[in-house]
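Chain naming follows the written order as A, B, C, D and E, and within any one chain the residues start at number 1.
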Amino acid sequence: MSLDWQVFCLDTIDKEAVKGCFGSGRTQTYLDWLLQAWGQTVIVACASLVVALVVGSLVGTLRTLPDSPIVTRLGNAWVELFRNIPLLVQIFLWYHVLPVLIPVFASTNKLVLVVMGLGLFTSARIAEQVRAGIQSLPRGQRYAGMAMGFTTPQYYRYVLLPMAFRIIIPPLTSEAMNIFKNSSVAFAVSVTELTFFAQQAGEETSRGVEIYLAVTALYVISAFAINRIMAVIEKRARVPGFVANTGGGGH
Amino acid sequence: MLEFNVFTWDVLRSFVLHGFYFSVTLTIVSTLGGIVFGTVLALMRLSGNKLLDVPATIYVNGMRSIPLLMVLLWFFLLVPILIGRPIGAEVSAVITFVAFEAAYFSEIMRAGIQSIARGQVFAGMALGMTYGQNMHLVILPQAFRNMLPILLTQTIILFQDTSLVYIITANDMLHGFTTAGANLSHPREAYILAAVVYFVICYSLSWLVKRLQARIAIIR
Amino acid sequence: MIEIKNVSKWYGTHQVLTDCSVTIDKGDVVVVCGPSGSGKSTLIKTVNALEPFQKGEIYVDGVPVHDPKTDLPKLRSRVGMVFQHFELFPHLSVTENLTIAQVKVLGRSLDEARTRGLKMLDRVGLMAHKDKFPGQLSGGQQQRVAIARALSMDPVVMLFDEPTSALDPEMVGEVLDVMVGLAKEGMTMMVVTHEMGFARKVASRVIFIDVGGRILEDCSKDEFFSHPENRQPRTKDFLNKILSH
Amino acid sequence: QANDTLAKIKSSGKAVMGVRESSAPLAYTLGDGKYTGYHVELCEKILHAVAPQAKIEYTPVTSANRIPLVQNGTVDLECGSTTNNLARQKDVAFGLTTYVTEVRTAVKANSGIKSVAQLAGKTVATTTGTTSVALLRKHERATGLEFKEVYGKDHADSFLLLESGRADAFVMDDNILAGLIASSKNPKDYAIVGETLNVEPIAVMMRKDDPAFKKAVDDQIRTMIKSGDLEKLYNKWFMSPIPPKNTSVNLPMGSVLKSLMVNPNDKPAEDFNAKK
Amino acid sequence: MIEIKNVSKWYGTHQVLTDCSVTIDKGDVVVVCGPSGSGKSTLIKTVNALEPFQKGEIYVDGVPVHDPKTDLPKLRSRVGMVFQHFELFPHLSVTENLTIAQVKVLGRSLDEARTRGLKMLDRVGLMAHKDKFPGQLSGGQQQRVAIARALSMDPVVMLFDEPTSALDPEMVGEVLDVMVGLAKEGMTMMVVTHEMGFARKVASRVIFIDVGGRILEDCSKDEFFSHPENRQPRTKDFLNKILSH
């Protein structure tokens, strides 16, 4: 089948081709719309990532505190709650159900609700990784910090967390890429992001292949960009001479 | 404000049961298929042979950078046009999930194989085992065992992800709940019920995985 | 300086220390040995409260470790500890490893901390490596930095938990040399080790712990090595094993 | 490949009907894989007439995937609430128009909104993948009205947006609005208001380039119109209580459809709205 | 039995073996020592082709290891190897560890393999543990099982790569005892170890490798230990380090 990329230059209303492919004033081409949808994807993903990182790090750290069974339990409950319900259902709950139960959410921007949904869902996974990262450090590191006379917050701040975060950069990278992909679920609650665009524009223009190719390419580009950014961070944070003890190394 | 009494046992059975079966079937089939193809992909990537490694790497990384929703749309809407033959929503969902999950399972298996200490590889070789024997008798059994909890955790994620097949109107469990909710005019209650059911299932499964992990830890 | 009185400890129902009592005076060098899993590490960790214990009392320089009201971080900052696996902070340079606790715990100025830290680094003979990271040093060098790090806190007592057992054989010597030097200068030390050469050279007392965390021997070095006939059968057996080859 | 649906139905022994799950009263589900509604029953009659031996298989479709499904052969006859328009005629074929819907606006009865002009600055809901999305945009540009759009993933979700106050209006086919309101918890809280934004012929949909099948379908519809069966069917689904709640949609046949009963055709929406 | 001729090996540009030549006759017990990272493990691994090398030739029992046409699995099945970290297969019981390669590689029947394997297990004194899993054994016991596993393949030569350096000090003896027994029975052995007591007791020759994989010494045990004045300075330095404490 032949591809017709001209579809992106069409006006979204009267389906007339627009010169230069970008609309002006009140006219909008499918290309304009695509880029705008990409913007929505990026906004949702990045905002959710911030929420997820902040909450996830906090919860993950709390779960490793020594001698605080109640805090640990609360942290565990948080993780179990948010990771055992499908993201899609969580987003529906945030969007359709919570506003009825808790009236303040009724007037909250829908983007905020989606970001909360995606962010907290991901926070559970990040909390898992932060906990695993801290626990993967040799027990001696904690002891060494304590033995130097650091208080608990101090040895977390100066000894455990700096290494734990370095160790979990690879899984955090995939989590950051996941958040981009998972943001596609936001379309179910009418965020006009890339997947929404793919569905709506595919329907309006009947050029599904071209539209899907473009949208898929943008997802791949986004994932790759995140991957590169994290690689730079990983490189910056690398500790000279440190080799993670992965029990033997690969082939 | 919320009323659940319209969701009688009968309503749930007629709307949700079929979807539940489908979600479970989809999960099981794509876990098994995903592990088999994933292991093949992992071995290809570790083979050191560029002809095997490069295509496998492209496939795995490609799949992993596209949202599942998009992959579902691709397979569902375009594959039939390309192959000139229709495939139904549910068949399409199964194919998509196997293809998609293989990429994820392959990464798990690759990590599992690489987590086996180099010394184990040497030990097998030193006993005179061939590459195939070493893989089959020494490396893969350990890799599977090490990765079992992670494989099962991925299966739980997979079960949750089956909810996304709504985009191609395959009739999964969540779909059952939302249709019941829509047609009985209690959509919010339906979402809450769905959340509870998913939570109970997934939480129980992850609890089982934890028990299993503890069991395995003792044997080792 | 250290007084361990009738300490017992359990993990669940599993007893790992049984009624242990040891007194260590200022300037004493006490070597602790015993089979694997006998509770040597556990015992030495109870001294600066890295491991809680259920029964008994421990006083370090008069401070009651078992008292829940004791400011444990403060106590620990006065006790130097060296671990089997060095436990340098891998993300900090050698100098930062030496100064961070001085600054954050003792409240010293960065300058003061640097001066003190580098003096200790010089003492263990590693001045040339002050800007490296732990991962760039050999095991023996890392352990010497770890000793310098502990010393720069001006501890009243030093605890060593198998400081040489994770080292390549050729590096054991350089670490033991530093420890011998410390002992000769009068540092109070409690040392878990199997290096009987070290014990022979500088120990004032040797303690033998058997599995279950029970102290079987606590006697002077000369008594321990020169009169095997007075030793318990378990001790003789253990010594035979580690000295035979 | 030959686009011969009749042959395909005959050889496979089954006819695949594309149905909607929540487009009451045109097509919706009662659970348990059972589908019903005005168009579903109509199609059952048609298929029964054109391929008496074939087993009917129901495949649920959505606004977004129905056209590709018909194109790629998954669905033989789509019987939902699909608007017949020019753009779609490029990809698929439509039967004779069997229902005419007017795109209108549902609002909360107490909102005070009476016309489309009053939507300025308000939030308007509609459903992803429907013609109403484009219609709204078009209207917005033509009149200079500014309003915010939100999109539900299906009609039920869109209605939920209206119900929960996330949207002030829901623009959609009047029959769908009527159906949703009728089955809502408090039907009196809602009103369908304002001018008709568009008149849309709704028809069953099938593959393009299969004149034999189209003719068979059209002939059957003509027969039913002549015999008065179609009007009876209409009254059954639009004027009397229907399951599952046994309430009535109460939407009498409009003038456009009445005239079509006299002169059936398969013209696209553009022809109906050209005069405006 | 083993002939290593002018072998050199590089990792990228980093040379880890430099022109190594060693001849080991039937019944020889050759001890290899040298500082950490000097290439001892690499050298011993080249013998059964676990590590490829870029230059030189190696013959094991007449078979050319460097020849790409050699059936390496078959060659390896005739050479027993014992590793620093035991490398028992953790998912198999002790008996299965002993039999799996006999059955799958040598094609023996399960019965035959069991008989042979258990005989070797008995020989290392662990018959009582035949149904346990490796994780349920102490380090010393695991290493003895590993030796039994290698022996049950009826090797013509045994290679040991620091077999005791991952063991707790009290367990070193039990493993060395088994090795001494093997040596006394006339097994051809190449042993990387720092246990100079073992070398003194049974070695026929001692080889010293320096960093860079260069063989500095290759002489009889008596010459090596009794005439330090004839040794290279690097060798003396190394011996001082590992024998001093």
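In this text, contacts are C-beta pairs under 8 Å (C-beta built on N, C-alpha and C of every residue); 3 or more make two chains touch, one makes a residue touch a chain.
In UniProt terms the chains read A, B = Amino acid ABC transporter permease; C, E = Amino acid ABC transporter ATP-binding protein.
Everything numeric here is computed off the predicted structure, so don't read it as measured data.
Trainee: Could you run down the chains that neighbour subunit A and subunit E together?
Mentor: The shared contacts of subunit A and subunit E, listed by label, come to B, C.
Trainee: Which two chains does the highest number of contacting C-beta pairs join?
Mentor: Highest contact count belongs to chains A-B.
Trainee: Need the CA-centroid distance for the pair subunit B / subunit C, whole Å please.
Mentor: 50
Trainee: If you average the CA atoms of subunit B and of subunit D, how far apart do the two points sit, in angstrom?
Mentor: Subunit B and subunit D have C-alpha centres separated by 36 Å.
Trainee: In whole angstrom, how far does the Cα centroid of subunit C sit from the Cα centroid of subunit D?
Mentor: About 82 Å separates the centre of subunit C from that of subunit D.
Trainee: With centres defined as the mean C-alpha position, give me the subunit B-subunit E separation in Å.
Mentor: Once rounded, the distance between the two centres reads 45 Å.
Trainee: Two-or-more-chain contact residues of subunit B, please, as numbers and ranges.
Mentor: In subunit B, 77, 81, 117, 119-120, 166-167, 187-188 touch at least two other chains.
Trainee: What are the residues of subunit A that contact at least two other chains?
Mentor: 96, 100, 187-188, 199, 202, 208
Trainee: Looking at the whole structure, which two-chain pairs count as touching?
Mentor: Pairs satisfying the touch definition: A-B, A-C, A-D, B-D, B-E, C-E.
Trainee: Once bound in the complex, which stretches of subunit C touch subunit A?
Mentor: Where subunit C meets subunit A, its residues are 45, 48, 50, 72-81, 83-85, 87-91, 100-101, 104-106, 132-137, 149-150, 153.
Trainee: Taking the complex as given, what residues does subunit E use to touch subunit C?
Mentor: Within the complex, subunit E touches subunit C at residues 35-36, 138, 165, 168-173, 176, 194-195, 197-198, 238, 241-242, 244-245.
Trainee: Which residues of subunit A touch subunit D in their complex?
Mentor: Contact set of subunit A toward subunit D: 12-15, 26-27, 96, 99-100, 106, 110, 187-190, 192, 196, 199-200, 202-204, 206, 208.
Trainee: Taking the complex as given, what residues does subunit B use to touch subunit D?
Mentor: 11, 13-15, 18, 76-77, 80-81, 84-89, 166-169, 171, 178-185, 187-188
Trainee: Sort out for me which residues of subunit B touch subunit A in the complex.
Mentor: Counting only subunit B, the residues touching subunit A are 1-2, 46, 48, 62, 64-70, 73-74, 77-78, 81-82, 113-121, 156, 160-161, 163-164, 166-167, 174, 187-188, 191-192, 194-195, 198-199, 202-203, 206.
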